[in-house]
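Below: a set of structures, written as structure tokens.
One chain, chain A, links the two complexes that follow: it is found with chain B in the first and with chain C in the second.
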Partner chain A sequence: MASLDPQEKPLRPWALLSPALTAILLLLVIPVCFIAVYSFWLRTATGADIAGFHLDNWAEVLGDAFYRDILGFTIWIAFATTVICALVGYIPAYFIAMTQFRHKAYLLLLLMLPFWISYIIRTMSWINILGTSGVVNVGLQWLGLTDEPIQMLYNQWTVIIGLVHFLLPFMILNVYVSLYAIDRNLIDAARSLGSTPWQAFTEVTLPLSLPGLAAGSLLCFVLAAGTYITPLVLGGPTDAMFANLVFDAIITQLNWPLGSALSLVLLALLGVLVAVYNRFAGMGQIAKSFG
Partner chain B sequence: MDDTKRYERLLERYRNGDLSRRTFLGLIGAAGTVAGVTGGPFAALRRHAQAATPEQVRFDGWGGVVSEAFREYAFEPYTKKTGIDVVDGTFGGADEYLARVKASQPGEFNIAHLSGVFDYVRYHNLELSTELNEDNIPNLKNVITALTDVFRNVTDGTLSAVPYDYGTTSLAYNRKYISDEEIKEKGAKILIDPAYEGKIGGWGEWKTRIWYGALQTDQDPNGIEDMDAVWDAIRTHRDLALKYWGSGAELMSLLAEEEIYVTEGWSGRIKALQDEGHDLGYYDPPGGLGWQECLFVLKGSPMAACEELLNFMLEPEVAIAVAEGQNYPPALDPTKVELSEKVKKLPAFDPTGTLSGLNFFDPPYWNSNEAEWSKTFGRVQKGY
Partner chain C sequence: MPSGWSLIRLGTILVYLFMFAPVAVVVLLSFNSSQFGSFPMEGVSFRWFVELWNNDAIVRAFQTSLVLGALTSVISTTLGVLGSLAMVRYSFPGKNLIATALIAPILVPEVVLAVALLLFLGALGQPKSFVLLLAGHVIFTLPFVVLVVQARLVGVRREYEEAAMSLGAGPVQTFFQVTLPLILPAVLAGGLFAFTISFDDITGTLFWKPGGVETVPTQIFAMLRNSISPEINALGTVMIVMTVALPLLGAAAARRLSRGRGGG
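The block that comes next holds the complex of A and B.
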């Protein structure tokens, strides 16, 4: 039988890891290095770039209140989205985890159904729901509750609604995995010791499901903070998020160096968040949700 | 790159005795090796990247009814006639497209339906222009001279594009809520009228916003003296607007669904909505914005195939059919070519062939301010 002792074949782990390491190197590390180098270049008036080591872009991004404000707005939108996803997503996750329904797998399949439709189409569907001649306005007028359409679209709340629609399944899946793993005997024990159902939930179920809730929150926050399409489709004139600034710099102004610096700022912010989560909860919880 | 001609030249030099047999075979062998090493694997990738080969030309346009017209009236007949495929791509705006071109390899993109002289200058400054062989485009003689002259001024008398159509970006309004008299009275200032707060739209593009900001502050858009006043007008518009639209499709949707009552809009798209039965008015305010579009050939393209396509697209039958399809008048001179009655009724159509009644971006003025104004607009647009 071949020996599994790494001391005998020290390169074997590296050989086994090499496909994954190569992919990470080529698809993540090298592109980020390119972006980092680019962020120190300068853009000329004609759109051509000047190579070199210039700190102008970084000075602008870190010193200008405009970028800080948009970053603050981005964090607010991502935070509000995450909180709503947590509150709204916990209930179906709890139901799916606790139900005795024979075909539980179908309920999980239903969670996946939205992913079969393009994210952009799902986002644009809100125009047909909340628009002036959308389902909600037509329904309200038909019921006689309003005389004319209510303006519901193109503000930060519709951006949040669009993001919740997109991210809710991520939250539900993470919480479901956490709830499903709880030993039911613990809940029964709490009940047999005199806890009410609510006390059993708050003292046993909820604390034990917190790792899943945290993993879902991390995913929702990171994905919401990096969104670009949703504010573009459902936002008003001033509802831009940080990714829209990157788009503007790179696409509209052709200022790739500035766009690179902006994207690294967002990457750093989200990277710190992931590092903090990993320090306290560990990334393993997220891996569980994806089987 | 025309490999066939290069091999033929080698063969000719060998036959003339300029090359030894050993050198000739060596060069052919080296060329074969290069083609084998780079051609095989990369040809497969290139196919996926939709790059052009001499048997195919990549064309990128604005999508929607414009691209439909190109496909139906130009590309399909062209492919039937010549056997050259046209790979048809779309973009949402010239800025987005330029970023894609900048990130691509020469030859990956070939012909683009670009907007106006402004883009022509920009692409030329980025060394993306070519030099068309006008002998291969005999139909160019039918094009309005004023349209080609502005391009020649940029590229030292040569052309990297052929003008193709023109139109206006003027005021589109819903007649149910805004009368023809009111729009004439208020002109461009209706876009900053608080009476229509939440029902105003606008293109989220810096040049158009600044042009209309200039009109709203009674200034010449090609010679703005008080830029602060223009930014203030843009801010006022932003605060009153429901949404900046980003594409022709979004413009049409916002007007058709009555999400907005008034915006500036592209003449062809508004005509398409009117033809669908929407009760929309379209008004050119004093100083309203005109533009021309061109078919720009990018550096690295198969020139002969591109020139053949351009000549085909300028055939009067094709250009008129495309014009009727996309609702923009063709660049053909009405004094040289008999245009259809439908074309003559299109918005912005100029029967004199001089386009003297339209106002265009002055390229040197706008290009010199591009970096500063586009950046500032990015901030103003987002609430600053």
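The block that comes next holds the complex of A and C.
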């Protein structure tokens, strides 16, 4: 008993934490600080770095309309994905939370399955559906509605479909968690006081589920805005998102200082969102869905 | 129930269809005997699975992914369980900050995490290597392990540990003989989670992997560059079976374990 008392062993929690904290410090905190410094260096044509305080990368990233347009496009894609996830995801979350269905545990389990199915496979699976020899085109031709396959893939909408497919479980789970916690008596009370089912929903259920909706939206937006795989697999040549720029700068052009500056822009954008969310809601809401 | 309810039910069914139909099509097409990975199905065959087995690049990618996933899982779970014990069992100054630090790797976009780690180790003169890949996977999976293990750990009562200690067991003995068996389901869940995330990861892996090394997801990605083939669908089916069946088996095993011990 005595040794579990924090007063007696003040160092023990730190000993337990030290491996994890060391890893986070060495592999995350210091590297992020490093790229902040690195973004002011210059990469010469010969591939050597010039250390120092040069604003060239930042001038390029912040001044060039090319980067600004892609940043705007990225925000648009992430926003559209989040809104669709919220609208589409609310329905099953509501159903699972409110249903008397005996096997609702299985519905929840099914909801967890996509987390375990590889992202790349779920993304590429849409080629089987929407590709020129995919399910939809073969179906349309078989019905005689079209003579030739329609090119449905490789545009911003297929990027959005792929992202919604990937992120929907995050939204449903978060909304479900907050809907499930609502005291049913509140809804019954609203009904018995004369409100219609729709009024009871908009004035009681919906406001009480906002924390889950906000947590799900944050996850969807942040994960959507940071992706570069989905645009590469399901997007066309003009559908590059901001993370694609980062990937190109680092892996293709090997311009590491420029890539650093680009990553920091993405980090700043999403970091502000996370910080605002944390200020108003706190991270505990997101942790709940792991329980 | 109002008629609105039947609309909600219909909507739910449609959303589930949207989530699972594409995956079902992948599995279905992987048994297609036709040369092209598309409809119409010409017949059922296992030829694409045989071809996977004979494809050296794919077998190597599988080995890499399995080794990487296993090592990631062991390291990440060890760090995560120790950290979670500190977070759940002790109170100390600065705990909120530490809690944020422990989940920081998922608050930072994965692309940024990937770039920072790659460039930092690059500046230290470390070329891309398997160790870099492993370090990246460990740091990226750590928060998930911490969240899962913490959530389970809260439910494990500490009276057992206190009893063991008051009967004279040392802290290490208590941990291995009392705490660890009690939290084993949490440890297994965390380990399995870390393995699956590592096994599936592509965003960071494409940055970190050394030239010539492929994991299963990067191998699929490279094959997609040409066109979608029945082989990709077969590979997808194998991965789906692995990542879905494994956790389900694990969950069943964990439940049996905890039931056998009457707690947890």
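Of note:
One rule holds in what follows: the second predicted complex is superposed on the first by the 266 of 291 C-alpha atoms of A that agree within 3 Å, B and C clash if a C-alpha of one lies under 4 Å from a C-alpha of the other, contacts with A are read in each partner's own complex, and residues count from 1 in each chain.
Here is the rule we use: contacts are C-beta pairs under 8 Å (C-beta built on N, C-alpha and C of every residue); 3 or more make two chains touch, one makes a residue touch a chain.
Note that this is a predicted model, so its numbers are computed, not measured.
In the three-chain model built by superposing on chain A, chain B clashes with chain C. By the touch criterion stated above, A:S133 is placed in contact with chain B and with chain C alike. When chain B and chain C are set side by side, the one touching more residues of chain A is C.
With both structures placed on the common chain, the touch criterion links A:A23 to chain C but leaves chain B unconnected. Contacts of A:L113 after superposition: chain C is touched, whereas chain B is not reached. Once the two complexes are overlaid on the shared chain, A:A240 sits against chain B while remaining clear of chain C. By the document's definition of touching, of the two partners only chain B reaches A:Y154; chain C does not.
In the three-chain superposition, chain B clashes with chain C only at 221-229, the remaining stretches of 113-121, 185-193 or 221-229 being clear.
When the two complexes are laid over each other on chain A, chain A has residues 127, 131, 133, 232, 250-251 in contact with both chain B and chain C. Interface residues of chain A, counted against chain C in their complex, comprise 1-4, 6, 10, 12-14, 16-17, 19-21, 23-24, 27-32, 34-35, 38, 88-89, 91-92, 94-96, 110, 113-114, 116-122, 124-129, 131, 133-135, 138, 165, 168-169, 172, 197-198, 222, 225-229, 232-233, 243, 246-247, 250-251, 256, 259-260, 263-264, 266-267, 270-271, 274, 283, 287, 290-291.
Put simply, chain C touches chain A in their complex at residues 2, 4, 8-9, 11-12, 15-16, 18-23, 25-26, 29, 36-40, 78-80, 82-83, 85-87, 89-92, 98-105, 107-113, 115-123, 135-136, 138-139, 142, 144, 146-148, 150-151, 158, 161-162, 165-166, 171, 196, 199-200, 202-203, 206-207, 216-217, 220-221, 224, 228, 232-233, 236, 239-240, 243-244, 247. Contacts from chain A toward chain B in the complex involve residues 43, 45-48, 66, 70, 127, 131-133, 151, 153-154, 232, 236-238, 240, 244-245, 248-255.
Per the touch definition, chain B reaches chain A in the complex via residues 95-96, 98-99, 102, 122, 125-126, 198, 204, 206, 238-239, 241-244, 246, 253, 257-259, 368, 370-371, 374-375, 378-379, 381-384.
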